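What follows is chain A paired twice: with chain B in the first complex and chain C in the second.
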Partner chain A sequence: MSRAWRGAALAAVLAILVVALTPYLWIFLTSFKSRLDALADTPVWLFTPTLEHYPTVFLDKGYLPLVWNSVLVASSTTLLSLVIGVPAAYVFARHDFAAKEDLFFFFLTTRMAPPISVVVPMFLLFSALGITDRPLAVILAHSTFNLSLVVWMMRGFFADIPREIDEAAMMDGHSRAGMFLKVLVPLSAPGLAATAVLCFILSWNEFLYAFVLVAFEGRTLTVGIPGLVTPHGTLWGQVAAVAVVATLPIIVFTFLVQRHLVRGLTFGAVKG
Partner chain B sequence: MSARGIGGAVLDRGVVPLLLLPSVILLLIILVGPFFYMVWTSFTDLSYSIPGRDGNFVGFDNFRRLMRDDPIFWDSFFLTLKFVVWVVSLEFVIGFGLALLLYHFIEKRRLVVTLLLVPMMLAPVAVGLIWKLLLQGDFGMVTYYLRLVGLLDIRAALFSDARLVLPAIMAIDIWQWTPFVTLVMLAGLMSLPREPFEAAVMDGARPLQVFRDVTLPMLRTIIALVLLLRGIDAFKEFDKVFILTGGGPGTATELLSIYTFRVNFKSWDLGYGATCAFMVYLVVLILCSVFYKALYWKEGRAPAARARS
Partner chain C sequence: MGVRFEAVSKVFPDGTVALDRLDLTFETGEFVVLLGPSGSGKTTACRILAGLEEASGGRITVDGRDITGLPPRERGMSMVFQNYALYAHKSVYDNIAYPLRVRKTPKGEIDRMVRAMAALLQIDELLARRPAQLSGGQAQRVAVARALVWQPDICLMDEPLSNLDALLRLHTRTELKRLHGELGKTFVFVTHDQEEAMTLGTRIAVLNEGKLIQFDTPKRVYHQPRTRFVAEFIGRPAMNTLEGEIAGNRFRAGGLELPVAGRAEGPVVFGIRPEHLVIRESPTAHSIAFELDVAELVEPDTLLFVRKDGVALVARGKLDPDRLSKGAAVHLEFPEDQRHFFDAETGERQGEHQGKHTS
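For the complex of A and B:
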């Protein structure tokens, strides 16, 4: 290919990167801007940074518990989904039974189920059980999609391990459970870690279930975001500070699991 | 045998599928139960705002109302279809184009892909918030530059102009999800075997012919999967629109999920709300089964393509 083509392609890719990244850069900058700079008619790129918004919104306005709730909900749903989903994935990878693929499809439908369709009856169910407005409600709701993510992803990772390894482990005197826990799980550790991180991200980012199921005590960070935007006099510096805290950890996590991201987001259909 | 212990012996007798039970039971209680309750509710007149309507069975009344007497539902339905078709096609064209550029011309594509991940991993609510700030009428950064280059009228306010607000919402979705298409299509491109390309070049095929006759056919399953995944997600779109416009101005951006939310949580018309929810579920379920079929085109049996980058 000629130099000119290469140059044009590079320019196009750079332009796309600018479009993709500037919005995030802007919210990041805004979180360090004084009120005057944030509301300036002409965009302000260079300014004297202020650190006031972070303590104001998280300590004085009480957004810190929301961060804790998000961490609690995301890690609990991840743990729950892994503990009951990984054995299920193993069964799908290694055993045949009646209606196996139908059940696998059922898991897919739970992953795709539109939250808006089931959130009302789910709310009524949780009210009857007396667990609304507690993180547990959101943990359970998020497990509906994370569980199937675990089953779908881990089936693929287990299927990647040759069956001969199972047999060799059994020959060495491992029980089936021991073989699973001491041989297969360690072998699939990278996939397991990627799955866990992806579960965490999906739960952390989720809005509708969390928004409907909890109103006060158990609010997660995403649920706290709409309350910050008011028709008039929105404090954009503080809004931006919340947005940065709600997103920066996720970006770091994403970079950690980049290698398995394609696989996780396409239900194992494409391995990145 | 004795070393395996009792647990192992029991498991070996074909009880292993029992390991599926915890996950199946959890899903039955938390998701399938509510699903059937939703279906049941759609045959009742349950309402939290109108006295006397406390869940009496009304047969197909709600469905009749939906089919015959609710133009707003159908406006919202077709608005959603329009949204899905536009964003998915543009995301696909731009995303695939970018994947091809990266594949053919850029050596450091890993770094580019890493940076591209940022928009798609942000919480959709946060994306809505970011763009709300960028598109503010008085001081929005993007508004300012759009006006500067003459793309936006000086008096136009994006979120209160019914003609501009839908394209704005679409553009934001495209901003967030085009990288997903790029990511997947690039993985697909990198998984392709080299031989067919070499053979085509030997036969004297020009680049465009190679693309049309070799690349596209080999990628067709992945293309179908990407389109379906994005289609399902776009059909369910709620978070960004909820925070950006709440469906307004008027009903200009009232997608199906937003409308369903309004019927349930603003009008508290739960019986009819369940009917709308049922329709959303139905569409997603249909797309979902097509997606499942598409997974199986690939290998004939178990899902999962074998590709590596």
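For the complex of A and C:
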């Protein structure tokens, strides 16, 4: 019986893996295919690989700065959301105040509206402030959703740390701020890392806000991809090359903090 | 000099009165035990002294200095927590060294002090470990070491032994007493365990419902409890208390009648400890006959639960329970110098008659 279950589970996992990985494998292979192979009626598995797409798109077409933009936007929004959200999450975990749970829920509701309904007013607002087409606009936009993520995830991590640790730190000679920065933050480092990576990934992958708010200089990688859909046809090889580069940091980060990420998403976020 | 609570109150936001104008003064160097049932305010008093909780009223002075509004770090006190509260991401060594580091003690000094304290608590072998690799008793020692390493004037302990198993609790208790003797610091120890309080304290502050009921040496708390509450709270099994009446120099409760001389007439609560009842196998001039209900062996003693016309008592003595059967006659004497009388309404202890009392 258990053997049969094991087999079934294995088959299910395998099926999920095939479904999840096939498109990625496809993109990966396409990035090394010549235009002819990429457009072949019957997809070819064996072909003569070409390395032309990578230099073409990143050097000749000037997509390299977009990588930098994506890094800048994703790191900045992560940092900004953590700096604001982590102390807020700590207060939610430790202190009682009027309408606390309502406020906490409010953070979540900011994620309930469809982004498209928010992005137009946001564009008008940022235009008035004169910051459209700058990474700053995207950083602020991404922070709106990352902030709620930080507060929700980190509250659970802080709640896991016994209150007596705070008190012990203060008895050991820390001020309230010192206790938080020198003891609580290091203690919640695993949760902090998971949250940071998740923020980074969400911002890195985000398309809609970035697409509406920046057009030229401040473009991120995701926004750059549609630029390869030309009137003369879609440059599949180059699209694939950009996609591969765009997914690399995500894969690396996810592997690094996989364990904490799962815990943070299931345990930390649910326990409030 | 010493530590002084002056009318310290604490009302929590939900309206709970944890401390009700507490007055308490003790000297430096004492081992003060705050004893009381849950909700008595003992932990709150300790936390207010530490600065972890803000008093709603009153003030606290240490050696004449008002510390009421000071943050914990400026009070010169340390604390041992019930759940140890060790820093999970630091080694035992770093846990103990931490208060010294925060207080910017010179490096060489830190190492010397940590090792000395670890040796004193016999945890020198554990310095490289992480808190997760320690047993409960070891973790407790590390917590004590961390609290004492920087030589604070006052060390607060909030039920530090409650998470240890029984045997270890006894052992650690002895260690703490030894430590107090060696270091000469002021210890303030919170517990609900009267036995811990009796063995550890130089003085015991018995609290109930946010009020100080009695503050005395263990001996006096035991022999001269100020109220019926203290009398019943201290000592196991609890003191026998009987609500009755004195009339014509006799105390009557149910079917029990005792000659008492020189006491005011009227309703009263009579008390006597199980271990002070004298058990006789045959009647004597002063004994009263009871009927045995249950006999429990608590080596080396025996507890006898006896009855007489609606009055139930517990007596503690050295009788072999195998020789007694349910319903057997047990003769008890009530030594005059071991009797306690409490006001029927307030529960306050009534004055000793004829000044005849031991201790």
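Rule of thumb we're sticking to: the second predicted complex is superposed on the first by the 240 of 272 C-alpha atoms of A that agree within 3 Å, B and C clash if a C-alpha of one lies under 4 Å from a C-alpha of the other, contacts with A are read in each partner's own complex, and residues count from 1 in each chain.
One rule holds in what follows: a residue touches a chain if its C-beta (ideal position, glycine included) is under 8 Å from a C-beta of that chain, and two chains touch if they have at least 3 such contacts.
All of these numbers come straight from a predicted model, not from anything done at the bench.
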First, second, both or neither for A:P186, with chain B first and chain C second: second
First, second, both or neither for A:P114, with chain B first and chain C second: first
Which superposed partner A:A243 touches (first chain B, second chain C, both, neither): first
Superposed model, chain A: greater residue contact from chain B or chain C: B
Partner chain(s) touched by A:A168 [first = chain B, second = chain C, both, neither]: second
Partner chain in contact with A:V252 - chain B first, chain C second, else both or neither: neither
Chain B/chain C common contact set on chain A: 170, 173-176, 178
In the complex with chain A, residue positions of chain B that touch it: 3-5, 7-8, 11-12, 16-17, 19-20, 22-24, 26-27, 30-31, 33-35, 37-38, 41, 98, 101-102, 104-106, 112-119, 121-126, 129-134, 138-139, 141-142, 144-145, 175, 179-180, 183-184, 187-188, 191, 222, 225-226, 229, 232, 235-236, 238-239, 242-243, 257, 260-261, 264-265, 270, 273-274, 277-278, 280-281, 284-285, 287-289, 291-292, 295, 298, 302-309
Residue ranges of chain C in contact with chain A within the complex: 13, 50-52, 71-73, 77-79, 81-83, 85-89, 98-99, 102-103, 146-147, 150
Chain C-facing residues of chain A, complex: 96, 162, 164-165, 167-176, 178, 182-183, 186-187, 189
In the complex, chain A residues that touch chain B: 1, 5-6, 9-10, 12-13, 16-17, 19-21, 23-24, 26-27, 30, 38-43, 84-85, 87-88, 90-91, 94-95, 97, 103, 105-110, 112-118, 120-122, 124-125, 140-141, 143-144, 147-148, 151, 156, 159, 170, 173-178, 201, 204-208, 212, 222, 225-226, 228-229, 236, 239-240, 243, 246-247, 250-251, 254-255, 258, 261-262, 265-272
